[in-house]
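In the part that follows, the structures are each spelled out as structure tokens.
Each of the next two complexes has chain A plus one more chain, namely chain B in the first and chain C in the second.
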Partner chain A sequence: MRTRPAARAGQYTALLAYLVFLAFPFVWLASTAFKPATELAGLHPTWIPQDPTLANFRQAFDEQPLLRAALNSLLTASASALVAVAVATPTAYVMARRRGALARAATGWVVVSQAFPFVLLIIPLFLVLKNLRLIDSLPGLVLVYVVWSLPFALWMLTGYVRAVPAELEEAAAVDGAGRLRTLVSVTVPLLAPGIAATALFAFVTAWNEFFFALVLLKTPEHQTLPVLLTRFIGAEGVADLGPLAAAAFLATLPSLLVFALIQRRITGSLLAGAVKG
Partner chain B sequence: MTSVTEARRPAPGAPGPSRPRRRAVDHGPWFLVLPALIPILVLSVGPLLHGILLAFTDAQSGRTEPTRWIGTLNFQDLLQDTLFWESFRIGLVWAVGVTVPQFLLALGLALLLNQDLRLRWAARALAIVPWAMPEVVVGIMWRITYNPDAGILNETLRDLGFGGDRDWLSGLATALPAVIVVGVWAGMPQTTVALLAGLQNTPRELHEAAAVDGAGAWRRFRTVTWPALRPVAVAITALNLIWNFNSFALVYVLTNGGPGGRTRLPMLFAYEEAFRYGQFGYAAAMGCVMVAVISVLLAVFLVGRLRGGEER
Partner chain C sequence: MTRMTRNSRTTRARFLAGVLALTLLLAGCSSEPTRDGGRVTLRFQSLAWQQESVEATKELVDEWNALHPEIQVEYVQGSWDSVHDQLLTSFEGGEAPDIVHDASDDLADFAYGGHLADLTDLLPERLTSDIPALSWESVTFGDGVYGVPFLQEPRVLIADAVRLKESGVRIPTPEHPWSWAEFRQVAKELSGDGRYGVAWPLKEPVSATLNLSLSAGGRLFHRGDDGKVTVRFEDGDEVVPRTISEQVSADHSASPTTLGSGGSDTLPGLFAGKYAMVPLGFSYRQQIVQQAPKGFRWQVLPAPAGAGGLAQGVSPQTLSVAEDCPHKEEAVAFLDFLLQPRNMVRLALGDWMLPTGRQALADPALRTPEHGWATGTALAAHLRPAPAQSVRGYPEWKDKVATPALQEYYSGAIGLGELRKRLEKDGNLVLARYQR
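This part shows the complex of A and B:
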């Protein structure tokens, strides 16, 4: 189909407007992160730092336990991603292959669980974790993150399992492979990219999560990055813009990297989910 | 082995002759669901039911005496609580105010990305960025953008000659709209990706046939694209409405509910009630009311949409 040049120009203008809208806050964050304090205090801020510096990053690391928080975030996010995938993969397999009442109930729950406000979930969880002495501990937070990321992990993985033809498994069975053998040497290898994508997605969700961490973690040594970042802002509102921007910038990089890796797969699974779900 | 199609047919209810060998291949053994089912039951279904029960008690944080059943007292108090209803109203304004522009902007972007434009790959990558960012960072980023002195927004306005001395997030009139803009920005990627997925599913031949018949762009959109896109659009809008109504982190970082409670979303209100004042029972009651209202809203929305689909 041909599009008239005028319409094309309009489309490009619109696309450009979208790009500017989507990109400018991030560009501004980066620009603020690399500006020296004198420039930040100046009256007329510029887009590009005139005298770029790493001082903000140094100050952020000096004044706040940034490294500690990053490590906490990394540990929590990796642990929850691994556990979530380990737990969700078998279930997703069953949900995709056997479409009985249980699978329907599980799918229903995945949808329903989206509708509940966290506050209704967090108070009882808080009480349960308190009894288990898991409040203010990273294992407790991992537990919460696993459950919290399960619905989407199940959703994604079910789609990936459906994409593995059952005929392949049958062929393996005909050739005399047992049930376990079929799963291990036929299904799992085909599923591996999907499992990896799901794990990475769970990682980003946990890395970015704020509400549960805010409620469950009390001592500064246990804080994850997002919680620490809000401490930067302080009670009066705006503290030091430069270090704040620098720390926020750093906290975003892992998520962006992982997302760049799995972007295509996420889009694909949403496609499958949106069309068939 | 009989045909594959038969093997893949779901077998609801009717037991029929059991064929153990086939079962072993086609359906996973049921116990495989346990690793996911148990945590979901213990840490998701259980707490939710517990949370609903808590709404009927006087549970408080750090109290030594046992909590008691107090019937619907929390809900009666809630009815009188004008602050809560004000927060509820703000929550609805926010949810609708974010969801509608989010959908329209995302639809526009998805339609553009579905065209054969250059730079499409860049736009696709960039469109995902807000999704990947931690919500806290999104909040911080926009705080820096909105900053009255060092922010780029006021500077740009000054350059364009619009004055530009506003303190966007502290002004009583500007705080909520300013926060809504951030909400729209942050939620656009998911919506765009979902709509794009739906668009790629629309029949291309139909589109071309309509073009050959001389239908304009708008007509083609109405008669070909929209009917195919509709289910995805309804689903993602419903989800967005829920997510937005329940959102917390963005506004917590941007304004923490201020100025003067103008941006205090129901989640922020309930959070403070539960974890600042320790009123667990009362906060749980708020959560219940939020679920109830959002369910009713969704039911109305979905029924309306579905009926609209039948009439056409």
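This part shows the complex of A and C:
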């Protein structure tokens, strides 16, 4: 079916507007990161720095241990993503394939658990982790992030599992494959885009998370990047804008990089076979 | 399925398992706690955030540690942005730092909640006599003293010196400040041709209005004989909001667009000559020094005075000791060291604020006219505890009643009568719930 030129132009205009809307904060952040202090205080802000400088990056690195915090964030986010996927994949499989009361109850729990605001949980969670001697430790934070991202990860993966035809598993069973072998050799490869998307979700959730990290980590050497960024903000919200923008700009790059790497796999896998009837 | 494919999948599975194990191992390794070898170790959470103040604080901690090998202080960096939530959770979980940096207007909940130590019998006489009684009032809740107020900042007028001089207006000093009426007139004279005499950054309208209203004799909160507090919006309370409102709506000498802005947002307009004066906290001078274009000349003027003289409310920065700290005497000894007059001066210079201690205030480094230090120190004697900080229910009154009412009043949506009605009638309903 051919789309009329006017409709096509409208579609592209809407798409462009949406892209601009999405890109604006990041582009502005990048622009701010490279502007000197005097230019940041200009009455007529410009998109492109007139006198670009790396001074904000130097100051950010001089004032705060950004690399150490970035490493902490990377470890925490990677471990959270891996554990969340490792736990969610078999669980989602059971929830999707088994139709019993337990599976329905688990699905209900997933939905209900999304409704709890984290401020309600933080003090009890703090006490639980304290008893487990996991306060001020990155494994403790990983545990929290896994639990925190698990309901949505399960929700996502259950949908992906349902999209895999059960007939394929039945065919594997006919060929003599056991349940575990079927899951590992047939279902999981077909779930690759879903697993990648879930891992990405868990990674980005953990990478950006601020409040749990703020409350649970005390030792400066353990702090993650979002917590460190707030050190560029003073009383009454006064911010050291240049270094803050520089640090925030660097903090967004890993998320973008991970997404760029995984995104091709997600879309590629989703599209593979889409036109094979 | 071929052997090769099977091998490849097995290899991939092993690789993933290896990565998972390695990541967890690394995460575990990096969380190994540090040990202090049996000495007393105090954790000090500082909120210093500007480079100079962080350096000054760290240097002082290092000096203490070198002098006191048996009482080591561990510096922990906190953040103003989230200090209340972070402290609340830490206190509830019994994992709070031993020494806590905060502001006096944030202490009430922690003091009444039993999370902070009463320092009344622990503080050395040197410190209690050096810091004025009015500053101690800001950290006194009930019968206890729950912190040491050590840095504070008045609200001042940062002015474009060239425009002021060219206009020929009288330049105010702490000895001869402008009255509120004179300030209004000056702002009018400095306006015109698309430029404004003043820009009020009123993102937080309540604290700015209440604190400045002390100069006009306002107090808003009245404590009865039964100890209960009620709101009464009287003549003295009207002066500041009415002046601002008339500058915006009638005189057009104040920019209407900055009423929702923070202080930093008004600086570009000041530098570009759009505004001649901006009322800001004293510490904003650091940003001005950093950001002002070359050749921009600025000066610090005292805020206008009224029936209450130059009085204004402040919420000093404080240092407190956690109730759970097992070494309170050692913690207070560290505070005594940190707040020695010469050290207080270093902290004040680092934060571009005023020290509360009399001896520190007398230091020549804080009496220089450069960057307006002398004007600020001359105002120190007029600073009072912010009127609302000991009022139970103030945060709710501020968020639900006062902030929207003042925002609507300043934008011209409601008049003075409606503002009074909301602050008093709606406000007293809120406060009553906290005082049953």
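The criterion applied here is as follows: the second predicted complex is superposed on the first by the 222 of 277 C-alpha atoms of A that agree within 3 Å, B and C clash if a C-alpha of one lies under 4 Å from a C-alpha of the other, contacts with A are read in each partner's own complex, and residues count from 1 in each chain.
Here is the rule we go by: contacts are C-beta pairs under 8 Å (C-beta built on N, C-alpha and C of every residue); 3 or more make two chains touch, one makes a residue touch a chain.
Values in this document were obtained by computation on a predicted structure and should not be read as measured data.
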First, second, both or neither for A:169, with chain B first and chain C second: first
Which superposed partner A:6 touches (first chain B, second chain C, both, neither): neither
Chain touching more of chain A, residue-wise (chain B, chain C): B
Touched partner set for A:106, first chain B, second chain C, both or neither: first
Contacts of A:25 with chain B and chain C, given as first, second, both or neither: first
Partner chain in contact with A:78 - chain B first, chain C second, else both or neither: second
Contacts of A:253 with chain B and chain C, given as first, second, both or neither: neither
Partner chain in contact with A:154 - chain B first, chain C second, else both or neither: first
Chain B versus chain C as contact partner of A:211, first or second or both or neither: both
Partner chain(s) touched by A:135 [first = chain B, second = chain C, both, neither]: second
Residues of chain A contacting chain B in one complex and chain C in the other: 40-41, 43, 86, 122-123, 127, 210-211, 214-215, 230, 232-233, 238, 241
Chain B contact footprint on chain A (complex, rising order): 1, 3, 7, 11-12, 14-15, 18-19, 21-26, 28-29, 32, 40-41, 43-45, 47, 86-88, 90-91, 93-95, 97-102, 106, 109, 113-125, 127-128, 143-144, 146-147, 150, 154, 166-167, 169-170, 172-174, 179, 182-183, 204, 207-208, 210-211, 214-215, 225-226, 229-230, 232-233, 238, 241, 244-245, 248, 251-252, 255-256, 258-260, 263, 266-267, 270-271, 274-275, 277
For the chain C and chain A complex, residues of the former touching the latter: 1, 9, 13, 16, 19-20, 23-24, 26-28, 30-31, 33-34, 43, 47, 49-51, 54, 75-77, 79-82, 85-86, 89-90, 92-95, 97, 103, 203-204, 262-264, 267-269, 271-272, 274, 281, 283-284, 287, 290-294, 317
Contact set on chain B toward chain A in their complex: 1, 4, 7-8, 10-12, 21, 24-30, 32-33, 35-37, 39-40, 43-48, 50-52, 54, 59, 105, 108-109, 112, 115, 117, 119, 122-138, 140-145, 147, 149-152, 155, 158, 185, 188, 193-194, 196-198, 200-201, 207-208, 211, 217, 232, 235-236, 239, 242-243, 245-246, 248-249, 252-253, 266-267, 270-271, 274-275, 280, 283-284, 286-288, 290-291, 294-295, 298
Touch list for chain A against partner chain C, complex: 37-38, 40-43, 59, 62-63, 71-72, 75-76, 78-79, 82-83, 86, 122-123, 126-127, 130, 135-140, 142, 184-185, 210-211, 214-215, 218-222, 227, 230-241
